[in-house]
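I'd like to ask some things about the structure below.
To keep things simple, chains are lettered A, B and C as they appear, and every chain counts its residues starting from 1.
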Amino acid sequence: MTETAVVPSATPPRASTASRRLTRGVVSVLWALAGVALAIVMWELVKWVGTLVSLPFDSGDETMPHVWTIVDAFSQPEVRGSDTTVLQAVVASAAHSLLIAAGGFVIGVSVGLLLAIIMQRFSFMERGLLPFVIASQTVPLIALAPLIVGIGNRISFGPIQWDTTYSVMFIAAYLAFFPLSVGALRGLHSPTPTSLELMRSYAATPRQMLFRLRFPSSLPYLVPALKVSAASAIIGTVVAEISTGVKGGIGRLIIEYAREASSNPAKVYVAVLGALVLGLVAAGLVTALDLYLTRNLPKEGKA
Amino acid sequence: MRGKLRALWPPILIAAIFLIAWQLLVVIQDLKPYLLPAPTLIFSTFTSSIDLMFSAAIYTGSTALMGLVFGTFIGLVLALLAQRFGIVNNLITPLAAGLAAVPIIALTPILNNMFDITSRTPRVLITTIIVFFPVFVNVTKGLIQVRPVQLELMRSMNATPRTTLRVLRVPNAIPFFFTALKIAAPLAVIAALVAEYFGGPQTGLGSRIASAAANTAYGRAWAYVVASIITGLVFYLVVVMVEKWTTPWTGRSTTA
Amino acid sequence: MSDTTAVSAKGIWKVFNEGQANEVTALQDVDLTVSQGEFISLIGPSGCGKSTLLRVIADLTDATKGELTVAGLPVHEARKQQRYGIAFQQAALFDWRTVRRNVELPLELAGWDKAKRKDRALELLEMVQLSDFADHRPWELSGGMQQRVAIARSLAVDPPLLLMDEPFGALDEMTRERMQNELLRIRLETGKSIIFVTHSIPEAVYLSDRVVVMSPRPGRITDIIDVRLGNRNEDTRESEAFFEAVTAVREALRGRTGSAGSSVRARVGEV
């Protein structure tokens, strides 16, 4: 059986792009649902196999509750006698974490962008700073979270007392600034020599060059960088919350529910699912932002 | 040689300025170590317990290495399947995109419950999962994104899909593989380290940082942080060296 | 003894997206016969189907209708038996192979053993005058040199037919003219049939025995012009006969037919 015929270079016109993208979107959602269904089936399968054969890990109902037990736990009261259900508690704390992550994201993106602009403008700064920008990511800041919190709690800017929450936001910002800085720098460097010469022939000031040429042409680089930054901000927030135990966010909830695993194993799963959904929501928000930013740009040709 | 020196002095200069400013800040403001230790203190703590640093680094490093190897292996196998069978690609790639913002490390408490308390399997598993995604996504891209004119060339030579895989797709994917590895290797170290915060054997870098911080021995904590940075850098540099050695053609301007 | 026809195309149609709103007729009822040892150019504006026709002949895409043989075989068989070599506008060399190993590629796929492959590759590189670069990497070569390697590769299994899709399109004028001379020299040495797609009228006239003029919407052959310039040399491009031939092709492209007094131009419609 030979390969299917290769599309010749003189390609025929394609169907309307809007309807194509809609079908593609629907198809990928269906695939995602299929993936979820597959995961649920695998989960129960592993548990079932665990009843027949001795597995290297504990697959009993205390550690790996059945899927329906977990779903059941959504509607249980969070604490005995409390009004809020587990689901409500998880959603509330996830929203709290999302806000912190958003704050960290905004700060990180702003700093990253500023650094990129400086590095592009002054090549000395680029040569001097870029290695550190890169090296900054080898510092496992998340691992330093307890230290950051320790330092943070002793600082105060006048009337504003530093809260552990700010430490978490700082960590999120630290993780978010790097991808954006690198991506923005590449984007700012991306205009072709011809475009630069054109601007120079108009006697454009560096400021005009920046706003009218470099920024617009850096969009294709900023868009994927924003995705990575957002992801880093979320991950940084949740992990920092876990390692510092700061109240209000979903990280704390995961720790608490993990401690109660012996009495109610399903709760920690609900919390972890909450963190998962948080990540998905953030990814979705950034994708929406990206679609908005690139609404006027030519779309990629690849199917 | 001259070019290299010219490239090196700005970062070295800035590093020197940064360290000096730090030291001066600590001395002038008389900052206590629990707030911000001086570089000199960190350095002396580091050198005086170098053997402890080293053994902790080996422990965490080996966890990271195991996760890196398993994650890369699974990523490569699935990438080959994804290129050959579209259904595999359609299932996993959107999953990878969706999970990009998900703190996978949050699964650690669950895994810790499932396994024995003295086992380091949960950490290796988490690291494996974290490493898998960038490797899978990038290698799949490298295998699939060959230029149409190259596919036409292969077809004109009556090449089977298997031959095309061997002769065109795999060599094309190698730079993509190294891109993934340069992300995944330091990430594996960080994952292995942070996973140690959730309990289990306490001999690694992460556990030591946490316990040092809890005991307010901040000089020691920062010294372990320096050890972590070095470990991460070593992983990254090894990947870079392997890349340069096996693929001299990367980074050049590509041919027509 | 095989037939002296290199390519025989009868009633070839190629329709994309048949039955849909964006249906396009890339080739309409194309008839073409290429004799063994002939040099044919396909020329025409964008969308006239010249590249599509080349790809149909190369079995890189299927014709919707019509009969087509290459070296007396159905196109599928011809490709399987490697009865043609192909060169594209992009050299499409593999960055991870040396120049020599790039030329060896078709031989590897055809199962030749290592020593024979190496000898043949060096022989071919000698023919395109790039022996000194055998162990270089593709990116170290200029655009013209890369195309020469691509041409050497297309000759590897010594096929009777060469298909070329604007191989010199990305080169500057001086390099182009040099490459054209190279190609003619190779052809003289090897006696191969060549089907050559181009945008350039002087190039088509300089290289070919016949120039096939095509036009778009739908893609079809409108004229076939005999070029009788004899052996090409450095004065050919400046000769009167060359100019007349170029004019004839240009007018055919414009759609003006039957202009009187042109001794070079003969309109032959193949049926």
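Note that contacts are C-beta pairs under 8 Å (C-beta built on N, C-alpha and C of every residue); 3 or more make two chains touch, one makes a residue touch a chain.
As the structure is a prediction and not an experimental result, all values here were calculated from the model.
Trainee: Go ahead and name the chain pair joined by the largest number of contacting C-beta pairs.
Mentor: So the chains sharing the most C-beta contacts are A-B.
Trainee: With centres defined as the mean of C-alpha atoms, identify the chain lying farthest from subunit B.
Mentor: Using the mean of the C-alpha atoms as each chain's centre, the farthest one from subunit B is C.
Trainee: In whole angstrom, what separates the CA-based centres of subunit A and subunit C?
Mentor: Once rounded, the distance between the two centres reads 52 Å.
Trainee: Taking the mean of the C-alpha atoms as each chain's centre, how many Å separate subunit A from subunit B?
Mentor: From the centre of subunit A to the centre of subunit B is 18 Å.
Trainee: For subunit B versus subunit C, what separation do you get between their C-alpha means, in angstrom?
Mentor: Subunit B and subunit C have C-alpha centres separated by 50 Å.
Trainee: Provide the list of subunit C residues touching at least two other chains, using ranges where the numbers run on.
Mentor: 55, 60 - these are the residues of subunit C that touch more than one other chain.
Trainee: For subunit B, jot down the residues that touch at least 2 other chains.
Mentor: Only 149, 152, 155 qualify.
Trainee: Would you please write down the residue numbers of subunit A that are in contact with two or more other chains?
Mentor: 6-7, 9, in rising order.
Trainee: Show which residues of subunit A lie in contact with subunit B when the two form their complex.
Mentor: Residues of subunit A touching subunit B: 2-3, 6-7, 9, 28, 31-32, 34-35, 38, 56-59, 63-64, 124, 127-132, 135, 137-140, 142-144, 146-147, 150-151, 154, 227-228, 230-231, 234-235, 238-239, 242-243, 251, 254-255, 258, 261, 265, 268-269, 272, 275-276, 278-280, 282-283, 286, 302.
Trainee: In their complex, what parts of subunit B are in touch with subunit A?
Mentor: It is residues 7, 10-11, 13-15, 34-36, 90-92, 94-95, 97-103, 105-107, 109-110, 113-115, 121, 145, 148-149, 151-152, 155, 160-161, 164, 186, 189-190, 193-194, 197-198, 205-206, 209-210, 213-214, 216, 218, 221-222, 225, 228-229, 232-233, 236 of subunit B that touch subunit A.
Trainee: Which of the residues in subunit B end up touching subunit C in this complex?
Mentor: Spelled out, the residues of subunit B in touch with subunit C are 147, 149-150, 152-153, 155-159, 163, 167-168, 171, 174, 247-249, 252-256.
Trainee: Subunit B touches which residues of subunit C in the complex?
Mentor: 55, 58-60, 79-80, 82, 84-86, 88, 90-97, 105-106, 108-110, 137-139, 141, 143, 146-147, 170
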